[in-house]
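Multiple structures are listed underneath, in structure tokens.
Look for subunit A in each of the two complexes below; its partner is subunit B in the first and subunit C in the second.
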Partner chain A sequence: MSKFGTFAGILLATTLSSGAAFAQTTLSMWYHGAGSEQEVSILNQITADFNASQSDWKVELQAFPQAAYNDSIVAGALAGNLPDIVDVDGPVMPNWAWAGYLQPLQIDETKIASFLPGTKGMWDGKLYSIGLWDAAISLVTRQSILDELGLRTPTLEQPWTKDEFMDALSKAKASGKFEYALDLGTAWTGEWYPYAFSPFLQSFGGDIIDRSTYKTAEGVLNGDKAVEFGTWWQSLFTDGYAEATQDPAARDAGFNSGKYAFSWNGNWAALGTLAAFDDVLFLPAPDFGNGPKIGAASWQFGVSAKSAHPDGASKFIEFALQDKYLAAYSNGIGLIPATASAAAMTENYKEGGKLAVFYGLSEKQALVRPVTPSYVVAAKVFEKALADIAKGAPVADTLDAAVDEIDADIEKNGDYGF
Partner chain B sequence: MASKFTRSNRVGWLMAGPAALLIAVFVVLPFIFAIGLSFTNQRLISPNPTEFVGLANYEQLLGIGVLTLEPERDAAGAVLRDADGAPKYPTLRSVTRNNPDFPQFAGMREWFSFQLGEHPTYVLARDVVFMKAIVNTFIFVIVVAPVQAGLALGLALLINQRLKGINLFRAIYFMPVVVSIVVVSLLWRFIYDGSSGLLNNLLAALSFGALPRIDWLGEPSTALGAIIAMSIWQAVGFHMVIWLSGLQTISPTLYEAAAIEGSSKWQVFRYVTWPGLRNTAVLILIVITMQAFALFSQIDVMTGGGPLDSTQTIVFQAVERGYGKQDISGGSTISVILFVIVFSISLIQRYLTREKQ
Partner chain C sequence: MATIASDNRGLRLAVRYAVLILIAVIFIFPLIFMVMSSFKPDQQLLNDTGSFAAFLPVGDISLDNYADAFKRAPVGLFIFNSVLVTGVTVILSLLICSAAAFAFVFVDWRGRELVLTAILATLIVPFETIAIPLLLIASKLPWLGFDGLTFGWLNSYQVQIVPFIADGLTIFLFVQYFKDLPGELIEAARVEGASWGQVYRKVVMPLAGPVLATAAILKFLVMYNQYLWPLMVVQQEGYRPVMVGLQYFFQLNRAWGEIMAYLSLITVPVLAFYLFLQRAFIASIASTGVKG
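This part shows the complex of A and B:
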């Protein structure tokens, strides 16, 4: 009822505030965040402002629950009935662009020069999507834990090496104060696995797909570096540092209740941890040899290929890229604003803000997931391989099988146009 | 039979029409599509044109090979041995990956192995996950069909009595059937929880803490069993009702006659009740078998096929491939294979339970 009320209110406001409402062409937009009232209300504000700011276009928003969103887009595309503006998860974008759901944005690249690299959805040399925010992961712990275990505080310039990280885990385990040393979030299935764990693989020197050709995973997902990664990954569980089956409740509240010494978690969970302890540290990813890495790219806006009004759709997206909206999203749901100037306007990401460290992490360590249409399938294969290895499957054979599956998919799709 | 269809029977066709039409549009037609798609490389989303690939999808799913490894030999032909004196064998990986000498095994993986005679023999499969899915599904059916049917019959006999408040028991036994299987699966996930689940707490309390806590859904050895137990509990009430309807069609005069003859309870069951339930039994057996082969929701909610593929099933694989991995042709192929399996088993069941002349 309240949602309908807001919606009706906005409709009324937009109709009243712009006398030329009759001349406006309607642009439809789909959004994935139906469950989150804050997100939708911010976006409603943006569309209301946009509709009032000019007399050519009128954006109408329809929000979907996140779990059903991608399916809705695929079904909409098959039925030939996509909206003008869509939002799309960063790593999925190349798949949709390749499949012909999206068209390049008509936005001048100088306008987004200052945006974090992870927010720009580039495919085939063109900008297909742009994000108002990014997300980042850090190794969450407390200063008191580091002091107690006698560990050096890693910095962005000098993160922990693999040895220092493993030393930290073994000291945490030996202290006997924690149920497990490390909370990896294995309870979160789905995109969390490739998003959170493939940066470890990349830091070892492997990858999900060979980014030099994008035609195979052979050698990068089952090469020596990858096997080294897989062996290390398995040892986290066999040595008792982390749990392969995690209770979702333990993921949500475990670190805050002292169950773990370290937690590998995203900035969206940071505010809760800050509320639980007053000496929280958000440490950069350890360097496993090939530089420290974390995942980049979150949800972004794009224009559907079938849109009859791509100019208007792009105008709306450009309108949404104003710093005040980036800041509003960040203040509302804790995401990293896409520009430094917007970060300065926010509560948590301004100079000295509680989450400012994430802006640095995103800038310094973030690496986008492989930019290829095959990512959608490869991500699922990768997730299964990691879950199996965590449960004790033989490392090299499991990675070989994953490579075969990814390669077979790429071949079935005519190399995805590469 | 034939005359009934050929005879002018407009009302009958009018009544059957809506259902027949819906079944044709939403079941028969998609299934014919699935058969067609299983011979192509159709993707869920792709700008590439669909191509006919013949039996490639079936070969990919069902390909099997048997390999007996020969020990490694030195230049003189003597068998190389490790420190314990056991012969050294090449790794399986070196045979199945990039080995031009064994093109027939390329891309295959070990399904299982055994030692027959001197050298280890490996059974390789092109798609090990699907093979495991088939085996798991059969285990599920073989356990669920008799146990669920038997328990349901037991419950039906219990509640087929004139007692005060018997309807309350009927309602309680039937309740799990009314609840959505997704909700039931979510609840049982909490019951099976490895650290603080109800089942572990119960076992710990009963054994005064002697039994170790088991991560029921997280261990390959217990996951499928846990899902079998939960599935039997969930659907047993449905089959109980069917048994009950069968029990109530048996004429009371037969029981009266049996009582006059002075037969024991067992004799009544063996010679009156059981023969009277014959057709019900055939129906229940076939329905349970078909439902059990369609095992999906519990897997999707509770384990996602893991741990280590111990709960993969045929239907879960079909959905996982068709939608998760956007491979509609692969998913269709699995559906067709499942249809062939279920259809053959139903035919065999019909044959075995036929009315003997």
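This part shows the complex of A and C:
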């Protein structure tokens, strides 16, 4: 072979090998966690691992601050520049799927058989999104408070009944040691209201929307059970157990400074409380008659309808579902891993771990919010109704008005395809 | 009698100053709270809110919140973006809107009253109502830049600047001010052979100091506080302004100290701009002798 031939051969080989590196098709991804250093660094690690693990796809991440994320997605959809991969809050997913922002995932569903139910985003019989974690709420208190008030310690198998719960609040108030018996977190607005408080309604036997048809809220949000719930909800404030208007600073630091006897709060705040006291208890939700309930479904990954590479996008999501990444998220930001095997790899959720109780709560008490596109509007209506009732609005009339507003939205949108 | 009158005047002055100082304190206290809180750890910050200690540099004071704020978000980049977008918009807005107002007030052309009325009518249209159509237009507009001809302005500086250069309020401010200028000055300049461009540059604009300062301050505040529009049109961190950047600090467990540090940092350009224009405003009145 001549020198020219050798040179041409080397050049061809170099070109082909460098071409392989450049052959990766770029997949864009939007994520809601900008500002959360650990969260973004874990996702950066996953994307780096994925990009290095194969030669077909390269994921590029763009992080958004959470408060601006949903609006950015809607604007992106309007402008026609959605990325390939998005993350979506569980209860919002049906709305985005219905609106045409998402397409079903192309992943092997046997791989998610062991995932917590709240992490699976099902809509119209198809899997649209999947979460690496879930979140859970508990009634936070201290063993010393229960002992002092002479209260039974409730368990997952035997949670407090409504009477026991009210007795606990009454005794806490009568003790005179707390400014308020219960911290409900009314300082947090937005999704907190339906996420944290609609399980109370469901435990009474009502709901935000009638899940048998998803075409109306009539009967479930203003029926006898719902009115019973609303009356109880209002009594928490009129009887002085909780604040209808709460200072955000009190929400953040009130329980730890002894202002409240009980706090209705999520697992994401648990580590801070554990650091403040050595006898913290994370109690299950009380049973108001229809079984104890807490909310389920947190942020999940999905593929945008606009993506020209749904196979690559789904491959990335499937890659991210490995236990080691589920555990990394849990260790990094305290979330509940989606699988028991991942939980066993974590510091806080393994058997005997400080937060293991939350895994049990997610498993046994969690109920996803109504799986319907109308939830996005219904959630806002529900929040307003509860805030109004807390401030003294008539219960039945307020719930009736909420039903009218939700039903009008469903009707305006042609029953959202139901 | 003179002594009594003098005493009364002194008392009135004292009361007036007392009221003014009280108002000044009320307005400056939030700023003091913000700056003082930015030096305190979260727990102390929250504990201090119920007492006067919230306004004092007491307790565990450090710059940790500032260091953490820079770790959480590219604060310098956000401030640079906002200052750039705001600065360019203010300068272009003053040029374009003053030129438009000049044409409405001094140049005689058919339909100017109708056009001015239409522009002023836009004052009652909230931005939110045109945001989506504007987004659709901006996402398809052509742009000739370093990459050649491209389509779609999303994720750029120009998409945050161009839609806000001309607006009804700024034109209105200039129109009102120009109407009060002595017409003899314009007529004299025209008689001397000055073109409309020369009248605008050499006669009218040198007299427009007060309205320039007022319009600049108003425009600066509107642009620096932009949130909805950049949220809709900017998906890349590299172009994000300070107000969208503020959301980086509102996580589930809020770091109030970092929020206060970030707010203190992003307030600096606003205060600097205000102080700069406050002097320009006074100097303008003193040098031109035109009533403000």
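A few points about this structure:
FYI, the second predicted complex is superposed on the first by the 398 of 418 C-alpha atoms of A that agree within 3 Å, B and C clash if a C-alpha of one lies under 4 Å from a C-alpha of the other, contacts with A are read in each partner's own complex, and residues count from 1 in each chain.
FYI, a contact is a pair of C-beta atoms (placed from the backbone, for glycine too) under 8 Å apart; a residue touches a chain by one contact, two chains touch by 3 or more.
Treat the numbers as computed from the prediction; the structure is a model and nothing was measured.
Applying the stated contact rule after C-alpha superposition, one finds that A:A387 touches subunit B and leaves subunit C untouched.
Of the two partner chains, neither subunit B nor subunit C is touched by A:T26. With both structures placed on the common chain, the touch criterion links A:Q143 to neither subunit B nor subunit C. Within the superposed three-chain model, A:Q158 lies out of touch with both subunit B and subunit C [touch as defined at top].
Judged by the touch definition given at the top, the superposed model places A:W98 against subunit B, while subunit C stays out of reach.
Look at A:D400: by the touch rule set out above, it reaches subunit B but stays clear of subunit C. Contacts of A:G76 after superposition: subunit C is touched, whereas subunit B is not reached. Within subunit A, the residues touched by subunit B in the first complex and by subunit C in the second are 71, 78. Interface residues of subunit A, counted against subunit C in their complex, comprise 30, 34-37, 62-68, 71-72, 75-76, 78-81, 248-249, 252-253, 257, 266, 268-269, 272. Across the interface of their complex, subunit A is touched by residues 42-43, 46-47, 49, 71-73, 132, 135-136, 138-139, 152, 154, 231-233, 235-237, 244-245, 247-254, 256 of subunit C. The touching residues of subunit B, counted against subunit A in their complex, run 41, 43-48, 60, 92-93, 97, 107, 109-110, 128, 193-196, 215, 217-218, 220, 304-309, 323-327. Looking at the complex, you find that subunit A touches subunit B at residues 71, 74, 77-78, 95-96, 98-101, 189, 244-245, 247, 250, 376-377, 380-381, 384, 387-388, 391-393, 396-397, 400-401, 404, 408-409, 412-414.
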